[in-house]
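The following blocks contain the structures, represented as structure tokens.
Next come two complexes built around subunit A: one with subunit B, the other with subunit C.
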Partner chain A sequence: MEETEKRSYRGDFPVRDEDVKASFKYNVADMVGGEGLLRCLKCGACSGGCPVGAVIDYRPRKVLGNVLLGLKDEVLSTDQIWLCAACFTCEERCVQQVNFTDVVTVLRNMASKEGHAAQGYVKMAEMVRQNGRVSARTGLVDKMREQLGLPPLHDPDITQLQGIMKAAGLNEVLAANQKKEVESD
Partner chain B sequence: MKEYVLFRGCVTPVRLPAYEAATIAVLEKLGINISPLNNTNCCGAQYIESLNENAFLALGGRILALAENEGKDILAICGACAGSLKHVKMLLDRRKRARADVNSLLDRDGLQYTRKVEVKHLLDVFEQDLTLSSLESAITNPYTNIRLAAHYGCHVSRPFDDMNSTSGKVPTIIDSIIRVAGGWPVKYEGKFRCCGAPLLAMDDKLASKVGIEKIRSIKEAGAEGIVTACAYCNIQLSQVQLGGRLGKSRMPVITLPQFLGPSLGILDEELGMHMNRISPSRILESLTGVRY
Partner chain C sequence: MKKAIAWGCLVPTRRSLIGYEAATRKVLDHLGIETIDIPNETCCAPFWMQSLDLTTSIAMAARNLAKAEEMGLDLLTPCSGCFHSYKRVNHVLETYPDMRERVNEILKTVGLHYDGTVEARHIVDFLYTDIGADKIRQKSVRDLSNISIGLRYGCHMLKPHELLNIEYSERPTFADELIEQFGVNSVQYTGRHRCCGGLLRGVQDDLADRILHERLVDAQDAGVDGIVTVCSLCHLQHDMGQRTIKRKFAMDDLDIPVLHFPQILALGFGYSPEELGLDLHTVKTDKIVAKIVGGGSR
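Our next item is the complex of A and B:
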């Protein structure tokens, strides 16, 4: 194992009353996927099996602890919710069916609404919004497919798709996160 | 004869078309009919899912509805696609309101999702539609003396439940197929651990670290190759070996149908063997019988 890296999410600071939003955990638990949060015993089975935790100092239990404590800003504006690989190992191990991966999805949706989505994710989502897919086809790809006897790839009906994504509310979320990029420049 | 529409996804047809070709060739050989599902979009796994769950459900719902129009169940061969389509289906099937919301978005393009279509990953097809004994009798060129590591892929197999054909146990189907084809499946530490690919959008160094740990552990177990069932895993486990951090000896990474194909007498060209980033010749040399 390589030397562990320090990440800002560890929150090595005194917790102040004004940073605690007592209702935060209930807001998360009210969302589809967040229901398991309040069952968490903080036993740490999730951290023990985490593949990200095996190479850097990342602990799902710590993230859950921060949410349960009500550290809303700390949770929603830092890397901690974006470093999960969504491998479901912790969900498999959890004795309380907290479903950490689903809780993380709820938290990411909340963070994104506030303009705190990880930039790598925004870039990929923007690509889907523009092209309907994450990998662009090229002339080389067409040639490889022909060689393999596969049918050529056609792009999906992009106007139809963009209409669906817009109506679902994706554009607002992307706009909220683009603004952030401009501000930080 | 069982029929499926193949949902190719984003990554497989562009970055790993050999996996797509090998899947079709192997399944057709085993009596399963595959036709393409056209006009499809990205399933939205991970990226759209993390930013806006509504859009994610709509994108998944659109794919499910397109397959219903074809009247066939969906076969997905990428872990992210199979996992997310199963997840979307479960959410839409259980929640009437979410289903109505998605259908109102799809309605203006004349699409509807009615809960009829089923989503299967390639491994589900091996578990549910085929038997190991029928597979065994189709093998004409068994492998011999080759030690291989099965890598299942998180979104292919988790949760370990009936939705993923594992009935609450750890998956064993790739190991069984390796054995039936004449190879020796090896046990290794961290067998069900992530390949690191989902971390690529966040921190590619971190993603590589997770992948390299996996390769190290597979090497320690004495394997001579890795068999995968997900496009993302396959690409990730290959590319982490090209960065020079693991020394010169590279372990071939091969998709399950590419592994199985030659033992069923399918030509290497049809399986796109020459397109693999790490040559699988070490594995292919262990085939027995007259080839071609």
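Our next item is the complex of A and C:
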């Protein structure tokens, strides 16, 4: 008798048990701004108004789904949480006040602590730590200000700013993301 | 009427944005509103910084608010990013007692304290709500009825409305009403209120380009003489970013000047384009300026 190939579907699914961290959603919901997460109905109003979703395949609902499912590592180490442009349209439209943008901030904070911050933002933060502003002062613009009759540009209180950053723990976050850059070199 | 004013990082330091500061100062002066700059203002730690660490960002923004509190003044800002940050500080301090304590612990290390009593206001909302369109019409001297513009409110002056204490609307009209006092034709078009992708600049540049491309196509299709922005990031995107979009998407005929909202008000109040820095923008403003100065007086 001819042997037929044994067909199996069990054990072949996109999300594996070992990838699911069931407590993840509660950890997110415990953070400032994360409270709305557990109210999510996955209705998709967030995705409907998303300006990023209009140009690429990006769906806030899917990110929320991943968090609710407990896919911690995937959520925190991929760029899905760094694609949000923070326009707050989803937050404004959400019937459940999930506040996706605030949930994204919680997720980004978690990812940043683990060294997965977007390098562009890390560079901007270093710029602020050094200059007190996110943009550098230039002699050319100083001259243009004078020509426009604007008062001379003041110097940001860099001592206070760096003191605040240090006391609040930003230096550790930046250091965690520095290490990553060295490793990837 | 006296207010503290926070200008933000970008507005006073970028070539194409200092006209925003110049125009704002002139508008406030024309309307008799006295302002004091926040002494040695530091970065307000907006959304991108909140992404790295929320607690640090709240404490950083609270620094400037603490300075306003010391002076006993409420705070005005022309920057939508700053506005959003300062509103978030008060919201977080009110909602989370632990955060209030933690933020003040941090501030104490640099000799500061913030009680949360300073009300932050966006300059556009302030002009509409506290000064009013009528007063602006009474003070207008130049007729601007021969220009059609696309007004962009931007995201961070409007959303989320509860946090920002702004009247809820997906299609707001308050800023339109202000410039319509000079006769400006503010064109309603698709995409006017959609995100420009500004916060993705430097992080997801290709994405920021693709979103901006859609916005510029929207404005071009609307056939406006210029775009008028409220948000400094919107301006950087639409004005500085326009060259990139022109090249990347082969839009050879793309040439839309981008003005700052207070520049339109100041032009209506009779100030000259030169003293408002209109010659400093990346996209040349000559054509729309010629239309404006050739417009006439009222």
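The criterion applied here is as follows: the second predicted complex is superposed on the first by the 172 of 185 C-alpha atoms of A that agree within 3 Å, B and C clash if a C-alpha of one lies under 4 Å from a C-alpha of the other, contacts with A are read in each partner's own complex, and residues count from 1 in each chain.
Just so we're on the same page, a residue touches a chain if its C-beta (ideal position, glycine included) is under 8 Å from a C-beta of that chain, and two chains touch if they have at least 3 such contacts.
Computed from a predicted structure; not experimentally measured.
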Superposition on subunit A - do subunit B and subunit C clash or fit: clash
Partner chain(s) touched by A:Leu161 [first = subunit B, second = subunit C, both, neither]: both
Touched partner set for A:Gly48, first subunit B, second subunit C, both or neither: neither
Touched partner set for A:Gly65, first subunit B, second subunit C, both or neither: neither
Which superposed partner A:Gly149 touches (first subunit B, second subunit C, both, neither): both
Touching partner for A:Ala117 - first (subunit B), second (subunit C), both, neither: both
Doubly contacted residues of subunit A, that is, touched by subunit B and again by subunit C: 32-33, 51-52, 54-56, 79, 82-83, 85-89, 91-92, 105, 108-109, 112, 117-118, 120-125, 128, 132-138, 141, 144-145, 148-151, 153-154, 156-157, 160-161, 163-165, 167-170, 173-174
Complex contacts: residues of subunit A adjacent to subunit C: 32-33, 51-52, 54-56, 79, 82-83, 85-89, 91-92, 99, 101, 104-106, 108-109, 112, 117-125, 128, 132-138, 140-141, 144-145, 148-151, 153-161, 163-170, 173-174
Complex contact set, residues of subunit A against subunit B: 1-2, 32-33, 51-52, 54-56, 79, 82-83, 85-89, 91-92, 105, 108-109, 112, 117-118, 120-125, 128, 132-138, 141, 144-145, 147-151, 153-154, 156-157, 160-161, 163-165, 167-170, 173-174, 177
Subunit B to subunit A touching residues, read off their complex: 8, 10-11, 13-15, 17-18, 20-21, 24, 36, 38-42, 44, 46-55, 57-59, 62, 91, 95, 98, 105-106, 108-109, 154-155, 158-160, 190, 192-194, 196, 198-203, 206, 209-210, 213, 270, 272, 275
Residue numbers on subunit C that touch subunit A, as the complex places them: 9-10, 12-15, 18-19, 21-22, 25, 37, 39-43, 45, 47-56, 59-60, 63, 92, 96, 99, 105-107, 109-112, 155-156, 158-161, 168, 170, 194-195, 197-200, 202-204, 207-208, 210-211, 214, 275, 277, 280
